[in-house]
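In the two assemblies presented below, chain A is common to both, partnered first by chain B and then by chain C.
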Partner chain A sequence: MDLEPDVLVIGGGMAGLVAGTVAAQDGLDVLLIRRGQGSTAMSSGAIDICGYMRGATVHFESPIEAIQTITRVHPLHPYSIIAYDEGGIVPEKSIKYIKDATNWLKKQLARSIAAIEGDLSRNLMQLTQIGTTKPTCFVQGSMVHPGLYDNDSRPLFVGIRGHSDFNAAITANTFLQYRMDIDMAPRIVLNEMIDLSPHGRHHNIASIEIARFLDTEEGLEKITSILKNEVKRTGATHVVLPAVLGIERAIDNAKHLSKETQATVFETLAFPPSVPGLRLQMALDRIFQASGGTLILGHKAVSGVFKGETLVEVKASGPKRKISIRPKAAVLATGKFISEGLLGSQKGVREPLFGLVTVTGEFYDASEEYPRRHTRPIPFTNRGHDIFQFGVPVDENLRPVDYNGRAKAENLFAAGAIIAGYDFSSEKSGLGVALTTGYVAGEKVIRNIRSDI
Partner chain B sequence: MFDVVVIGGGSTGTAVARDCAMRGLKTLLIERDDIASATVGTCAGMISSGLKYMDEPEIVDLCSQEVVYFNKIARHIIMKNPILTPIFGMSDLSSGGNFAEEYSKRAAKRQVPPVLFLTPEDSLKIEPMLNPDLIASLYFEEYFINPFRLCILQAQDASVHGAEIRTYCEVVDIRLSNNEVKSVVFYDRVSGKKEEVSTRIIVNATGPWAERIAGLAGTNVELRLNKGAHVILDRRVVNVGVIAKAVDGRMIYLFPHESTVLLGTTAIDTWEDPDTLVTSHDEIEYLLKSMEWVVPSIRKARIIRTMEGVRPLIAEWKIPEGEVTRGYKIIDHSDEGVSGLLSFTGGKLVMCRRMAEDVTDVICKKLDIQATCETHIRPLPGNDSDIDVVSLAKEYKVSQHVVERMRTRRGTKTRDVLELVRDHPEWRTTICVCEPVIEAEIRYSIRNEYPRTINDLRRRLRVGTGPCQGTNCTYKIAAILSEELNLGIAETLIEMTRFLSERWKGKRPPFRGDLLAQEELVQAIYSCVGNLDREAIHEPNPWEEGL
Partner chain C sequence: MSEEEAYEFVMNTLRKEAIVPLDHEEIDIVRSIEKCMNCGSCINLCPVVAAVGMDTFSGPRSIAIELSRSTPEFWTSANMIFLCTGCGTCRENCPHDVDIPMIVNLLRWVIYKQRPELIPKQLLEVQNRLEKHSLAFEPWEDIEDKNESRDVRIEQLGIPFVKDRKGVKAEVLFYPGCQAEERAQEVREAAKYILVRLEVDYCLLSEMSCCGLPARLSGAKELARDLEKKLISKIKETGAKKIVTTCAGCTSSLSEIIENSGVNVKVYHIIEYLMEEVDEAKLKLLFERGRGTSESTITIHDPCHLIRHTSRMIMYYASIILRMIPGVSIKPSSAFDSCCGGGGMVGYHSPHVASRVTEVNVKAIERTGAERVVTPCPLCTTQLENELFRSNVVVDVDDFTVFIAQQIARGER
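Now for the complex of A and B:
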């Protein structure tokens, strides 16, 4: 099968879908191929822009503050690269891109199953499923918890028997301890385990099964009546639930439950792969398709053909067929190690699809760097592991570059985790970089096709 | 006043405690860390027929006899592995023939068939992963034991017979009076308090740390410490065990072990601190390169981690490690003028019961006690009879797979675990999916097998040992442990990072391929979302020094 779209996007997590949607909304014919589910389903479903500086222990008050700092300290961070202008970094340019991208996304997701709230003027300290808090910027409507940190709040943590992801007592105690540490503890924190028994199950209950159950009338009625009683009995002002409020109806369910119980019912941040992550992935898929994009699932791009400084063809293969795609321009959004955008052997890290140059976090050639040497002896530190900064180096148009710093192809752009120079986990910047670089790559592709860059 | 204080909770120490207790001696076992937390936990679990040591027929006989006993006292924690030794050249064949004769002589006694010579076709039928260039292969069978369970059960049995077991207690001094041991001073790592107990006899069963402990009494033990490392693969990449010659002509192996495969081992004389050992890049590549000739696709298999330990060999110099005797020695330090202190050197896992028997005989003689050894007759807890996995699974509505895995850990005690789900049906939930382990067994273990950390639970239950190395279960187990032991919140969070750090210790040396993807997920969960990179920094473990 031969296809000749305007734009080919390889990889369909946040970065690829955003790039594809932006291009499709401009009227281009966009084809997106994806091997698996999309890495955004492997996220918590909250959108981090930037929570910390690598190595810092105190978080950024706002993503704006973060970008202003990062563009000064890390000139090769993706947030800095998009700010290059006439040879220098202009932080305002980066901030403008992030503003445009987040405003755009917020609008796209409004009324979707993953509508988000939040703004760039502050980082939210969001409660996680183990009771810790982490800075993030945008959360889904079912996760907002106004008044939780007021000292007259009376939160009730509710776990579901047989759902081992969420231990209400431990999460509640962790929350309480944290609030006590900063002298802002509520007077009372409650916890309770309830019998929800979705679809008659009493054990081995996965978050997604509860979410599916709560998408049904029966499920919603059941949890409403249970929570109503619990709130009445305890006088709780907030009901803290694991992230299970539904796939299609989570936000409506949270609203419904809050209204019925007269308490603020919300979900905590969940560990990946999470239900909110799945909602976000599904919402992005739908937006892309509604914008006219074509999604081909279960296909893996296997090789590319370059003619001079142009990518002319990408070959992909699926379970039953091979496809040849000859796009005018392409966006590489294949992610890092989980999604096999990068492969690491004992001897080095390479980009398997186009054989692009890969670099370390310090921008040395990564093809012969033993991955082990770019890790730390302790798994969790505020500096992260340098191996997760590995990726492809890009120019200010987000085009992967060769050893001379020149674009490998004038019509090939990169977005998301495949780009070198940032660490999603210690910075808490994963979906933010994916969104922003996806958005920028989308614009660059449009310009590449419509005029010429 | 104790009759005997045993120092060291490995295979030998727990066996000694068990034997002493069974013979009526007032016994205390002191272990610095957890039961089976060091040397024994890094072995392949083979209770070998002694095949590598054909030059020492008395050792081969002893090993064969011990296998017979283990089959009697530890039936549930033993499994039999068929093994192929492919032969690629005539030099392999001659040594093979020699081995076959010695092995077959003792086969019937151990209830295994004599060695068979197989054609290349038959060999490949049994193990299609082998290099098809082989000209023949040897087929034989060996027994393997779960070394963690062996130690735990020996310790439990010791305490059933009246011994006291103290884990997380580090011996800091041995006090003498008139050149006779008088007491042992130890530091309780949990309470933070020093204690002193008086005793008539001390048994130093500390393996590679024997020199250090003997030194506390002003005596000497000489050891030849030899490091061995394993590479662990995520699944049964071979149907049977494979033994082959390495780059340097040593024998190495690929052994199915529980749900994984072990590739091992290296042998390097070492003067490193046994506490800070980590497998090196050289060792990993040596093992992979060597096995590649025999199982060509070995590098495609997913490595989940490495593990390493130290063999406390008898001190013999100027010969390669492989030629050092595999026997053991009991050193009575009265020759050096300190009476009442006995130290072990050498020995192998398969000999632990026998070593205990010997030393307990010596102790009984010293204390003038008439009692005979029964450790080879009386089954370990839970190993008194067989159980019906299928009917238990049905009765308690738990999957057969879960119950069968439970059986291999606790035999007839499986029912005690399953009883817990009567009151708590939700405890049927699988917490560690790789293994699998259900919540009921975790709670049972915490209540009955004195674990203090998730790492201790790993030794008892194999939680966190599968392909995901605790990625998906650590926070769940931490919550259960926290509830059962009433841990503080800071402690609970640090317990998560501490366990994942211990896992990281083995993932970092072979860091490549799928390990990178797995670690990306670990970082996404615990660091990116859980924020533990900012919230739960623990004190570095010994192997993490130099951060």
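Now for the complex of A and C:
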């Protein structure tokens, strides 16, 4: 059967789901196909807007400040591209879009399993699973830790026996060292190991298992009584947990535990596969479906048919069937290397679906660039890795462009990590760019179909 | 040394070292695990990990990065590898298409070669039956008893009996699969009835024979290949251009073997057939005639072999078809696409694990408040029925085909 939706969204991470939801909420018939999880599900579930200028060692106090700088220094950054107006960049336009997008998302996620807190006027210094901190802007309700950095705080780091993702002693130690480096260490930092075996054994426990266990009454009761004792015994003001507080009930659980123990109980930022990342992904999936969008998982877009300057058909394949989709407009939100929105090999970097032009961070042709030449031997540096900036160049309407700078198709838009010109990793801007470009692409698609652009 | 002798010599050495050589297709499967980046997205979603924990079943990531990697001693993973239900959740969510369910089949086969005594004995029994009867279940001893059981079932369900069409050539071959042939006969009868009412030129195989899926899932690759060959030649005999099935496993398995055999036949689950080959107006008319005779709130369970081994589009179609029926309202279940637990032969040797997996579904189904669950697979139907019953949840379970046949039959009366 051929499908003829108004909008086809290819890729279901933050960017695709936001674009799809925005379009569906406007009454358009939206079909989203996705071949697997991408980096949204792998993220820590905290939404970075912008934490650093690439290469800088000091972070931005606020995302607003960050956007004002970036739009002035990097004219081809996605945050700048959306700010083009009559040929020039108007930083306020970018800030307005980011405000609209984040307010919108906050509202959509309210009461979901990934409800977020935070605002654009400041970056939060969020504690990670290894005891370091990272600037981010919006965190899920189960992650907030007010007062943690006060001098009189008394944090208790709690690990779970058999859960190898989180070592409370090491994390506590790193935390203390970092705080001492800046002369702001609390007087006392505690750590403890507790027993919380979801399946009756104390080895090989995955974060997800604990999260599932804490979604049950039994699990919640168990952890409540343990933590109550621990806090009473130690006089802790904060209880630092790995990101395991639940899949469906994490936020309520955090509130409940904080109330019962009289300490601030919260989750740290986690590495993949993180439970909060999964919560964010699930919440976005649900919002999209609730807005009337159709989500078809397990299908990979494999080719497109263009007629003149219009994308007329996208072919997709599932495990054993092929489908043809003829949308009025499409959003390409296939992500970067992790989700194979871009493919890199010795031969160069290409966009496998439509064969779009790819460029480096400096906007040179990337089709013959050897990816390894654009990475550094040190994994984490403030300069990042140039390879992360590779992507598809877009025009001010977020349409991928050809070598002449003209839109490849008037009805094809791009959003998220597939777009060239920024480095999510050194800037700490990943989900923020995906959200904002997804939101803008959603609006562009609506206007395209309602025949304005 | 002649070439044959040299070959034998090498094979003997390999056998001594417990190394099992793979063919090209299998090497492709192994290649797919090289793409694993160890991200762990899959373990967050695996229903068996959810049900029994990572310590009992180390999960898809571990299958990709540990259990399937370069050791000849693959048999050491036997305690884990037989617990995978083959649901395909990991593969569907994997960013890099790592083909875990196929790797699992492959490992089971290697273990079968290396240490057959480690294969759960229930699986060996299935293999024996398949070898003897080309069916996954022991056939009925007395055909009269079989017919009687069939008549009782369809009578209860209000599905009229129509005669088998065997030994004739037809455009469409209806292939019920082992479960509907030997156990859930009402599904087979329901499909025949629907095809007749839609005036489809169909036939059945003169003698049913298994598609080989249970053999493949239990590690008996050679047996699976024999069964496939046998079935392909039977299919060719009928001259059919289309095959319609009612079983999720058969749909994906037939799609696979037909594709590999190069025969020019198209495989449809009956849902796809109704959607793509039947005039919508005709179907609607049949449903309309039964209007007012029944009201029901249903919830839908998506079989893994349809959504994750064939295509999610099929269940998208199913909901379109169900919405055509007057008086039916659908309540979505939060676990609609979670494995029923019965797959991958797990139910045969570790029913407690299968039950734990089904528990998730049972709870979600109960929460919907629907009167019945409809699912287009006789195997899922049985697994859900048993578990709902065990948990004292009063919700009926109907196979999709049976449910549709009932709606059409109502209009006939």
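Things to note:
Operating definition for what follows: the second predicted complex is superposed on the first by the 451 of 453 C-alpha atoms of A that agree within 3 Å, B and C clash if a C-alpha of one lies under 4 Å from a C-alpha of the other, contacts with A are read in each partner's own complex, and residues count from 1 in each chain.
We adopt the following convention: a residue touches a chain if its C-beta (ideal position, glycine included) is under 8 Å from a C-beta of that chain, and two chains touch if they have at least 3 such contacts.
Not measured: the values here are computed from a predicted model.
Of the two partner chains placed around the shared chain by superposition, chain B is the only one that A:344 touches, whereas chain C remains out of contact. By the touch criterion defined above, A:185 lies against neither chain B nor chain C after alignment on the C-alpha atoms of chain A. Of the two partner chains, neither chain B nor chain C is touched by A:226. Counting the residues of chain A touched by each of chain B and chain C gives the higher count for B. In the superposed model, A:272 lies in contact with both chain B and chain C. By the touch criterion defined above, A:297 lies against chain C but remains apart from chain B after alignment on the C-alpha atoms of chain A. Contacts of A:199 after superposition on the shared chain: chain C is touched, whereas chain B is not. When the two structures are aligned on the shared chain, A:42 is found in touch with chain B and with chain C. When the two complexes are superposed on chain A, the residues of chain A that touch both chain B and chain C are 42, 162, 203-205, 272, 338, 340.
The touching residues of chain A, counted against chain C in their complex, run 1, 35-38, 41-42, 162, 198-199, 201, 203-206, 208-209, 212, 272-273, 275, 278, 294, 296-299, 318-321, 323, 338-340.
Residues 42-44, 48, 52, 57, 59, 128, 130-134, 161-165, 167, 169-170, 173-174, 177, 202-205, 269-272, 336-338, 340, 342-346, 370-372, 375-382, 384-385, 387-388, 424-426, 428, 430 of chain A touch chain B in their complex.
Within the complex, the chain C residues that touch chain A are 37, 39-41, 43-45, 49-50, 52-56, 58-59, 88, 92-97, 252, 255-256, 259, 275-276, 307-314, 316-317. Against chain A, the residues of chain B that register as touching in their complex are 281, 284-285, 425-431, 439, 475-476, 478-480, 482-483, 489-490, 492-493, 497, 500-501, 504, 508-513, 516-517, 519-537, 540, 543-547.
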